[in-house]
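In this document, chain identifiers A, B, C, D, E and F correspond to the written order of the chains, with residue numbering beginning at 1 in each.
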Amino acid sequence: MKTVVISNIKRTDADLVKRLGALGTATVHEAYGRIGLMKPYLRPVWTGGEAAGTAVTVLAHPGDNWMIHVAVEQCKPGDILVVGCSTDNTDGMFGDLLATSLMARGVTGLIIDAGARDAKSLREMGFPVWSRAISAKGTVKATLGAVNVSVVCAGVNVMPGDAVIADDDGVVVVSRKDAADVVAKGEKRFADEDGKRKRLAAGELGLDMYNMREALAKAGLVYVDEPAED
Amino acid sequence: MKTVVISNIKRTDADLVKRLGALGTATVHEAYGRIGLMKPYLRPVWTGGEAAGTAVTVLAHPGDNWMIHVAVEQCKPGDILVVGCSTDNTDGMFGDLLATSLMARGVTGLIIDAGARDAKSLREMGFPVWSRAISAKGTVKATLGAVNVSVVCAGVNVMPGDAVIADDDGVVVVSRKDAADVVAKGEKRFADEDGKRKRLAAGELGLDMYNMREALAKAGLVYVDEPAED
Amino acid sequence: MKTVVISNIKRTDADLVKRLGALGTATVHEAYGRIGLMKPYLRPVWTGGEAAGTAVTVLAHPGDNWMIHVAVEQCKPGDILVVGCSTDNTDGMFGDLLATSLMARGVTGLIIDAGARDAKSLREMGFPVWSRAISAKGTVKATLGAVNVSVVCAGVNVMPGDAVIADDDGVVVVSRKDAADVVAKGEKRFADEDGKRKRLAAGELGLDMYNMREALAKAGLVYVDEPAED
Amino acid sequence: MKTVVISNIKRTDADLVKRLGALGTATVHEAYGRIGLMKPYLRPVWTGGEAAGTAVTVLAHPGDNWMIHVAVEQCKPGDILVVGCSTDNTDGMFGDLLATSLMARGVTGLIIDAGARDAKSLREMGFPVWSRAISAKGTVKATLGAVNVSVVCAGVNVMPGDAVIADDDGVVVVSRKDAADVVAKGEKRFADEDGKRKRLAAGELGLDMYNMREALAKAGLVYVDEPAED
Amino acid sequence: MKTVVISNIKRTDADLVKRLGALGTATVHEAYGRIGLMKPYLRPVWTGGEAAGTAVTVLAHPGDNWMIHVAVEQCKPGDILVVGCSTDNTDGMFGDLLATSLMARGVTGLIIDAGARDAKSLREMGFPVWSRAISAKGTVKATLGAVNVSVVCAGVNVMPGDAVIADDDGVVVVSRKDAADVVAKGEKRFADEDGKRKRLAAGELGLDMYNMREALAKAGLVYVDEPAED
Amino acid sequence: MKTVVISNIKRTDADLVKRLGALGTATVHEAYGRIGLMKPYLRPVWTGGEAAGTAVTVLAHPGDNWMIHVAVEQCKPGDILVVGCSTDNTDGMFGDLLATSLMARGVTGLIIDAGARDAKSLREMGFPVWSRAISAKGTVKATLGAVNVSVVCAGVNVMPGDAVIADDDGVVVVSRKDAADVVAKGEKRFADEDGKRKRLAAGELGLDMYNMREALAKAGLVYVDEPAED
């Protein structure tokens, strides 16, 4: 591994990030052609938090959070910290002290493919964290990793500067170059959904609203008007 | 697989379902001779929800929620939708639009052996969902499954029309034919528990209240009045 | 296995337990040289609970909670019940009736390497439980285990009388003989943390506060002032 | 649960079972419309074994193999023993003594949603076992279950007398009533596969042999004749 | 953690270890009252290996095998190396170079609650290893652990000098003080098993050989001589 | 997702790939600075197989192997097929017919972050496959993915044309641009290892051969010449 810190990265436009955040992960993921979503084992440390930001990436080693300390310095307001780990690990690499430091720099949240601790404090501070575990397990500061290289985090390859959106449904990553396109498609999708919601609430069936009946019949679906065997 | 929709099923009596719901999963499961409980990886999307209903069953495929749309039409007030999947899958097959549609039809909840999304909206709508994951992962509508056939969901074989009870402790399924018997046993059990709770709160030991001492001694339990080695 | 109940154990000093509880799991674990922490699959049944106590230990078998009933009698005010299981199991070995009984005896919480049920009631009662699952699955009372022998629970060997501290970050165990030393180190650590928190909140970097720069350079960390490839 | 032994079951025709076994699990599963396959966590204790038989079913409890002893008596030549468990459990419920007993009765194999032990002996005896774990963990004989009731095993509902086929690819169950139909479809499929294999070995593409090109184009697949960005 | 190497440990008598090894894990575990068995996620790197030895214990950290190098020096002929890890980790902490070194010192095998690599070489060398994963993942040498302190490995607390027996069924640990007693009980059990095997092979039922019928009837088992519903 | 097939990719030099293959995964991974290794849940379908090749990449959907059929046409002699999936899935997307087709084209192996089937035939054909599961579960051909785009497979981002090396220890990926450098470092490392092996076999300690004693002492390691407490 190159044990390097890249200190000058290109970031997704802040307005685009904000608009992606307003759409939420599910809509962004759909608008992106159903890619970019991290694996669902990543869960919010506390429910109801939301975050959108430009990725500062970290490659850390199991049981070692040295690189997170290094990465803090690279963060600017509007960033979100994304930590991948070189192997599966649940140690509590991140807690309220690091959160204090990130908040002081205007960072919007943390995505970590490892553990976090100080869950209660993070909730009280309102600093949103998505992690694969909550664990008090302490870490060392002994082995170099890298900051702002491409990192695989929870199954998604993240480039520094990518837009990252996170909420109760998970975490989605949009490449910097694709952000404008995804915003456009997502906002259209979002506008359409409200109309659909009203029609469904009024009792219209999705089968009719989406015109599924013909395709279902063509695929061979059969309706049988008799009870299951008793 | 028969790609079929059975549109006329026999349902468990509504009054029995209501009474089972009032008992809660733990009591129903015990009254049923400790069977019918789904595996505990199925968790509520939001805490505190409760649901009881008659099962409309769906067999879906991984990454495909087409059959859920088909199943909505088969639902009547008091039903609960139960979705099994032909393989382990955590994709977000169900979200707030489908929930809106089900609520419009009087469905009481969703049990899905896959993922759900729009967790925040589901909580705000008060529509209870038990799933194996929360995931924004989108799905296609490409492959037929079946509606109202018997389906294995989280380790339990569910027949259409079975009574399904769900709360923070999990999900339990009672066969239509057994519902009356389970209600009777469960209500008796429930009545007994209150008395036990008061006696235990007053300091009486379960060892005495349940008359366990003789059986323990017979099984060979020995009491040693000395500290563990230092 | 010796099917034995040891009824007279040496307990960690109550004042030390109280002070460990005030420090919380993360600080205690660090002060203890980063040992004693149970695996993070053990999670609180409800968020926000905290418990500290002296361990009464149980070795139970899968699907069988007989020994928990036996252990209740051995509990004194200030104890915490720690249940290990002879194999991985998620059955609901513990519910609100047992919690009622433990509360009547002044027990501060339950740590169980198996499942718990009656999650809603436990939350309402304010009785804190850490378990590997929430499950309504009922259990039998058929096979002897042991009470107050050493037990491995969630990866940690627990001796009767050890101090056990639990909160949202997990569960940590401190040997009776080490408790005074850990309290001393933990309270020092705790005092230091507050100062650090203020400095970080004011914008000081951990890199500087912890004097990491020299060690990082010595380890070979390189800073590159150019963007990642486009 | 009904603690019952049903001693007189209807079995799938022996010739059909034999022919299903000759087809193997993958072909049978496909011919059955892609249902009936147990979850892939069930693995053979030793590689290369194959078994086909009519199901004698057992519902056992975690850590308890009493019902397996009861079930042996119900087995006839050509049967295969299928053991479900009331909760997830990996204890070694089955070993070489039980295998000796089953072989003496002409049983063709064991499918168990729990653990097995004596792996080396089972391999040397040539008795094929599919289990979720290999574990020396011993079990008690304390709690009743049932024999020859319907049982969910590794995600599939098995009725006594069903045809069960197992090999290195897993375990598939065919309902007694569907066996003749699945044999017919499977044998046709099997005959077709050999011709396909020869054509593919000769270099013909599946894209052409299966006429996929049109459907791919219609679905929107685009071919781009340029290298990925460098 | 005390970062210590204890260099002079008491070992279980070599003859007892040899006799335990001859019994195998299943018999030893049963003779020990069904305790001492490591969790079944620990699997042999190659099938068919067997090992028995006196434990030299290591506490290592995730991604760091420094302490294994330290431990080699503490090993004597007849020892078996047991490596616990301070958190769940699958990195390849052990490979053919360390195996070469251990074989040169007469060590009989390795038990590691982490990963191993060079699987092919280990098989060819005939050095038996039980691990939780096979992984080429490299490790650092940066953080101190301990050698010959008590270590929890795969759910069992191991003291230096304990007898450790491993084969295809798993790994079992016998306390030094209990070894003689377990040998005696295990050899008796082993002698009995051969007779049972012959009777079962001759067609006698376990129900009769173990006199289970009365206990089953007393527990309420009912035999029903009718087929399952059709 | 772009549903695209990129048909003209740049491949790692064949000689470099061959030399990487000769080094094996552990050495390549170390020489690459300990990166590029796929997660260890990816296991060989049969033991002892080895493969090295240039990646043709596939992004498939759960339960759907359509894109694998498309990818076959893009393969040239010396390629290795790498299949990522848009969500966790164990379905048997690949079997002996596809293997026949790939062998006819000179493909050296398959890496699939999903399931494979026909395990016995694959072993007999000598076609090496690394998968996350063995499963007979059949798949559909309904949803487009992509061929020769960058794909995350088992935690590693793979670019088309990258060198992929696989053996019993797992799967490692080397970027095309880094291949020459890794070959050089790996071959040096390989040469060194043989000398080390001989010295260790002769009884020299790693502590001395690697000069660890000073660093250990500096880190604070203490040797205590007394037995553990009895």
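The working rule: a contact is a pair of C-beta atoms (placed from the backbone, for glycine too) under 8 Å apart; a residue touches a chain by one contact, two chains touch by 3 or more.
Keep in mind the model is a prediction, meaning the values are calculated, not measured.
J.: Show which chains lie in contact with chain A and also with chain C.
T.: Chains that touch both chain A and chain C, as defined above, are B, E.
J.: If more than half of the interface residue numbers appear on both sides, call it same; otherwise different. Which is it for chain B and chain C?
T.: Chain B vs chain C: different; shared/all numbers falls short of half.
J.: Roughly how many whole angstrom separate the Cα centroids of chain A and chain F?
T.: Measuring from centre to centre gives 27 Å for this pair.
J.: Taking each chain's centre as the mean of its CA atoms, how far is chain C from chain D in angstrom?
T.: Centres of chain C and chain D (C-alpha means) sit 41 Å apart.
J.: Residues of chain D that contact two or more other chains, please.
T.: 2, 34, 86-88, 90, 137, 143, 150
J.: Go ahead and list every pair of chains that touch.
T.: Touch list across chains, by label: A-B, A-C, A-E, A-F, B-C, B-D, B-F, C-D, C-E, D-E, D-F, E-F.
J.: Note which residues of chain F are touching chain D in the complex, please.
T.: Answer in residue numbers: 2-10, 66, 69-70, 72-73, 90, 92, 95-98, 100-101, 103-105, 115, 117-120, 133-138, 141, 143-144, 148-150, 159-161.
J.: Using the touch definition up top, name the residues of chain E that touch chain C in the complex.
T.: Where chain E meets chain C, its residues are 1-2, 32-35, 39, 86, 88, 150, 152, 155-157.
J.: Can you list the residues on chain A that touch chain E in the complex?
T.: Against chain E, chain A makes touches at 61-64, 86-91, 137, 140, 142-143.
J.: Mind pulling up the chain E residues that touch chain D in the complex?
T.: Going by the criterion above, the answer is residues 25-26, 29-30, 34, 37, 40, 43, 48, 167-170, 172, 193, 196-197, 200-203, 205-207, 210, 212, 215-216, 219-228, 230.
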